[in-house]
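You will see chain A twice below: alongside chain B first, and alongside chain C after that.
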Partner chain A sequence: MPSASNPGPVITETIVVAPSAPVRPSWSKWVRITLLVVGAALVLAFPTIAPNPYILSAGVVILNYAVLSTGWNFMGGFTGYISLGHAAYFGLGAYGTALLIRNFALPSFLAWFVAALLVAIIAIPVGIAALRVRGASFVIVSIAFVLILLLVFQSWRDVTGGSEGLTVPRPFPDLLRPEHHRVFYYLFAALLAVALAVWWIIDRSKFGTALKSIREDEDKSQSLGVPTTQYKLIAYVLSAVFVSFGGGLYALWFGDLDPIFQFSILIGSYMVLMALLGGVRNLFGPLLGAVVVGSALEYFKLEFGDTQFHLIATGILLGVVVLFMPDGIIPAVKALFTRSSNQASIREVTAGELLEENRARSAETVPPRRPDASGEETP
Partner chain B sequence: MSASLLLQAVILGVLLGGLYALLAAGLTLYFGIMRVVMIAHAAFLVLAAYLAWWINREMGIDPLLSLVVTVPLFFVIGVLIQRLLVSRLKPLTLTMMSVLLTFAVALVIEGGLGFLFTGTQRRIPLSYASDSLNLFGAQVPVVKLIAFGLAALSLALLFLLLKYTRFGQALRATIQHPEAARLVGINTDRVAGYGFGLGLATAAIGGTALSLDATIYPSLHWHWIGPLMAIIVVGGLGSIPGAAIAALVLGVAQSLLQLPMGPTWAQTVFYIALFLTLMFRPQGFFGGRLAKRF
Partner chain C sequence: MNAQRDHGATAVDNLRTVDMTKTFGGVTAVDGASVQFQEGKVNGLIGPNGSGKTTFFNCVTGMIKPDSGSVLYRDKTITRQSPDRIARAGIGRSFQLCRVFPRMTVMENLLVAVRHTSIGRQLRSARDEEELERARGWLRRVGIDHLEHAEARNLSYGQQKLLELAGVLMGEPDTIMLDEPAGGVNPALIGRISTLVRELNAEGKTFIIVEHNMEMVMSLCDHVVVFDRGRPIAEGAPEIIQRDPRVLEAYLGV
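Coming up: the complex of A and B.
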């Protein structure tokens, strides 16, 4: 880190001083490992704990949400481009799987893979168009893409079955319903594990760092030689593929597709809400958000049935998260356990916070330097 | 297909385009002022239509009279949304977060409408609903003419307000360069709030016009927000004349395509235009650099 060798920051208009490296207590690592093991054990043991098949099916739905939201986070979390239209890839994955099985008699899980491949091919031109412009237009295209697919899948009756929906042949026709839920619960858990692993690998890679630099300041990132357009496109397609896997598995599990549900903007907004609520910068943020929001949604459906109450609740929750907790639960909880607010390393500080910090620094005549801030590289 | 049918389609397209233009002007205002993409615009449109329907049902007065209530009400709501919600967001992530915030507002409105009035489709019974005028051999419904007249009048008023009043100058200055506007003594926060109010007032007028001849239901706004957002991108984000031209062109195109393709497929013209615009001219066709026009 530059602050280690320099005698002291020169007082100019703007000084960029790397904040001191986070001092992680030694127990922190063990807490993480314990939490991970306990969490994984809870997820794997859920089918045996679940009192009845209904609760188990709710568990499958929540895991599905977790897969979708983690998939969304490849784009939203790394690059900061918020897509409200990822339901498009959920629907395409589901319908693609169903149509490939029905029309080409592919084996269920082969169809699932081929559908994801096709989605990747579709996502490339859409991504190129959407990423030509920043921010606002990207969101507009993402929403428009869902709306157009909804129109197409509702109107193109001959192929998609239109509003009557489409039944998907079951991959395991001789399984009883509770067993069916249990098998798909583990399939979804495995898919989630793969998505989390890939996210974790990218998070620690150079590619991931480049994506995060796009999130913080796209112009600077470009000027440092990051091929921003290509990287954004890769992240977008990767994200679409994982969401499509989630959709395809949903089709195989649920067995009945309806365009209004598959291509609903609401599904896309759930992905955003879950990821934001948990924390888009954290590996397990979307999963945590999916557990919270997914359980709440299942509860609302059970209690209030067909009323529009879940819409109001979703809207209010989204508004509260955006206004008061845009970084999510995980950073908020972490902040409870860490004393100083100045402990984050540079890559976990947003450009805005850094700017404010630097302003505060340049306002002081001599920036106080702590002796222990020797600038050790974070492990 | 006969010439009169074609003429009728063009006239209906222009009439529809007028309504699109008014609503797109509102969206353009929000974007110009604060780089906010207001997803809830169409939800407020449907809310205004519901208010017109409700006032008509409860008091039996003409839905056009509901404007007296809805326009000031929506203006106030717009100011409050800007002051209480949008201005609290961090400037760096404003565009993205404002999308989510206004999306949340749209969900609350849709859910609230469904909660209060159920999902049943509603329509205002009007004595003149089926009247039509004969224009050069084309049958044009009177209600569509009224809707267009309302939209055109409001657009003209908006134009005059922005172009010739002190407030309009202050608003345009705020759009062009907020810091410079503050330096010359403009209270940009207040002006931005009023700008939001104006934008939302267009939704009130548009919603009342819509309620005259459309069947309304809570989730209707999704069918409006897509085309409207396509229009503002094709026109060039931030340009009101660009949005108006794009609205008219796309409105006519939609109306013409309805003849061979039917209403559902004709809607795709908006999305195709959006896609092509982003591929070949991402800054939009008529706008150019942001907010240079007003």
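Coming up: the complex of A and C.
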């Protein structure tokens, strides 16, 4: 016990002197607005500036990936539960839409909605079961689910067409190919806009703060009153629904379904890769990731032809990102601009100083040790 | 969900366990413990290492489900309820090695606390002005309001302890359970935490504190329960506890 004459070893406390102003510089708001407007204009103008229908169809694929990855991010980004099996909902949305049109003669877009509704109903029990486990176990469970579905859709020939696949009636039979791509390009863009808007609303809401706390420390979050079980399930179902919408729209656009593609681990991995690449904590992270990975995939496919080289190239890309930008592109770029202006400075404060501060704060109550010792502690 | 939050009910115990038992494999961590904690008081829970204090804490707050026995909060059973329900019923807790949300700012750490789960409230902006003011109030109270925008992982251990306390207070609990509030912090900070506990207690909050720092326990607590081998062996005012031969035996390991 340090006494008044011998203060003992000087106990130091590292004090963070934080930036007292919000961490963003003042010009950041205008940069954001400009980027948003330019980005939206580019997306909307793309079909007009695309030189040929092939490039336009690549644009549709990229927007489709952006929808899937943003959908995945409702779960992965907010709660930190990494699902590698979200292709399950991509496939279910696609097959659901196709089968409802073929077998029940529903109008295309009604079938699309009903399929998403059915996926939501399926995702509830699956979510309840899968979310009982965390971390690596959750990843395995999510993969198991998509593999089971793959087997079912391959084997259940009478209904799904098995490995021969399933053709989906076209919603706009009179449109020519380029027009067809153009219409679906804008449909995917609209779907993406809805997904981004919902993500944004949740991100700034109290619900979103609670979800993010689950990502940080689930037990702690629960001890603060967050109903983690229910909130995780809501995020999971929302995520499944948006991925299902992405799958259904893909079915209507592409017109031909194959179980190996619809329920592949690869599609699920792309969603994760794109979101991680752009930054899972950011609204536009998955979109940016989809643009980068999607363009790269299409480019490598053109360059290397019908080989698996595009997969190797994508793998190298992922490796580079994980090495140099572990939080994704958006946070890395942001850090470049904010590093100089806002860094928390750290200084050491002695126990004596702290005691002094204490005394100032609570002059009316008696601290456990008489504070006159502190006068001798500071030379 | 709708916790009873009247401070008038002083006749009942704040928190009571009846014959609570928890076994891990072959080890009985809590062994038929029946304990009462008093409403409106600063209650202490002490005992040698491995005597089951933290397991007891975790059983009460729902983090672990007890094998048998029951937990009553203001005469209503909360046995086996989920930790979030128990928290919303009015029991806040801290963790033995302090736990905060490292990659959220100090302010965001406070905004996590959920008191009401209605959809309307949950979809409202987290940065509701009223909530921000309430959060700033608690940050000022524990003395880290200048760190509002800092990420929690950048705080020192002591500051994180204060942040954790502010986070618990943000849920406006009636009962606060602290697991070793003085563990690993310097004497000056212990002083600040003790002062806060006294003030909050004067404002009507009940405390249940697990602590090894005897100086703190004896100066702070109105009522002390001593645990040994998973069950209470003595309870009473701190002066009496200090002289109890059973307590001395448990601590000195005769």
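Observations, loosely collected:
The rule is short, and it goes like this: the second predicted complex is superposed on the first by the 310 of 379 C-alpha atoms of A that agree within 3 Å, B and C clash if a C-alpha of one lies under 4 Å from a C-alpha of the other, contacts with A are read in each partner's own complex, and residues count from 1 in each chain.
Following the convention adopted for this analysis, contacts are C-beta pairs under 8 Å (C-beta built on N, C-alpha and C of every residue); 3 or more make two chains touch, one makes a residue touch a chain.
Fair warning: this is a prediction, and the values are worked out from it, not measured in the lab.
Of the two partner chains placed by superposition, A:G39 touches none, neither chain B nor chain C. By the touch criterion defined above, A:K220 reaches chain C but does not reach chain B. Within the superposed three-chain model, A:G162 lies out of touch with both chain B and chain C [touch as defined at top].
Of the two partner chains, chain B is the only one touched by A:P326; chain C is not.
Of the two partner chains placed by the overlay, only chain C lies in contact with A:T209; chain B stays clear of it. For the contact definition in use here, the residues of chain A common to its chain B contact set and its chain C contact set are 351-352. Chain A meets chain C in the complex at residues 2, 11, 13-23, 201-202, 204-210, 212-213, 216-217, 219-229, 344, 346, 351-352, 354-355, 357-358, 361-362, 365, 367-369.
Interface residues of chain C, counted against chain A in their complex, comprise 61, 63, 82-85, 87-88, 92-93, 95, 99-104, 106, 108, 111-115, 117, 121-128, 131, 143, 146-151, 154-156, 158-159, 167-168, 170-171, 186-192, 194-195, 198-199, 215-216, 219.
Taken in their complex, chain A has these residues touching chain B: 80-82, 84, 128-130, 132-133, 135-137, 139-141, 143-145, 147-148, 151-152, 154-155, 265-266, 269, 272, 276, 307-316, 318-319, 322-323, 326, 350-352. Those residues of chain B that touch chain A in the complex are listed here as 31, 35, 37, 39, 85, 88-93, 95-97, 99-101, 103-108, 110-115, 119, 218, 222-223, 225-226, 229-230, 232-233, 237, 264-265, 267-268, 270-271, 274-275, 278-279, 282-283.
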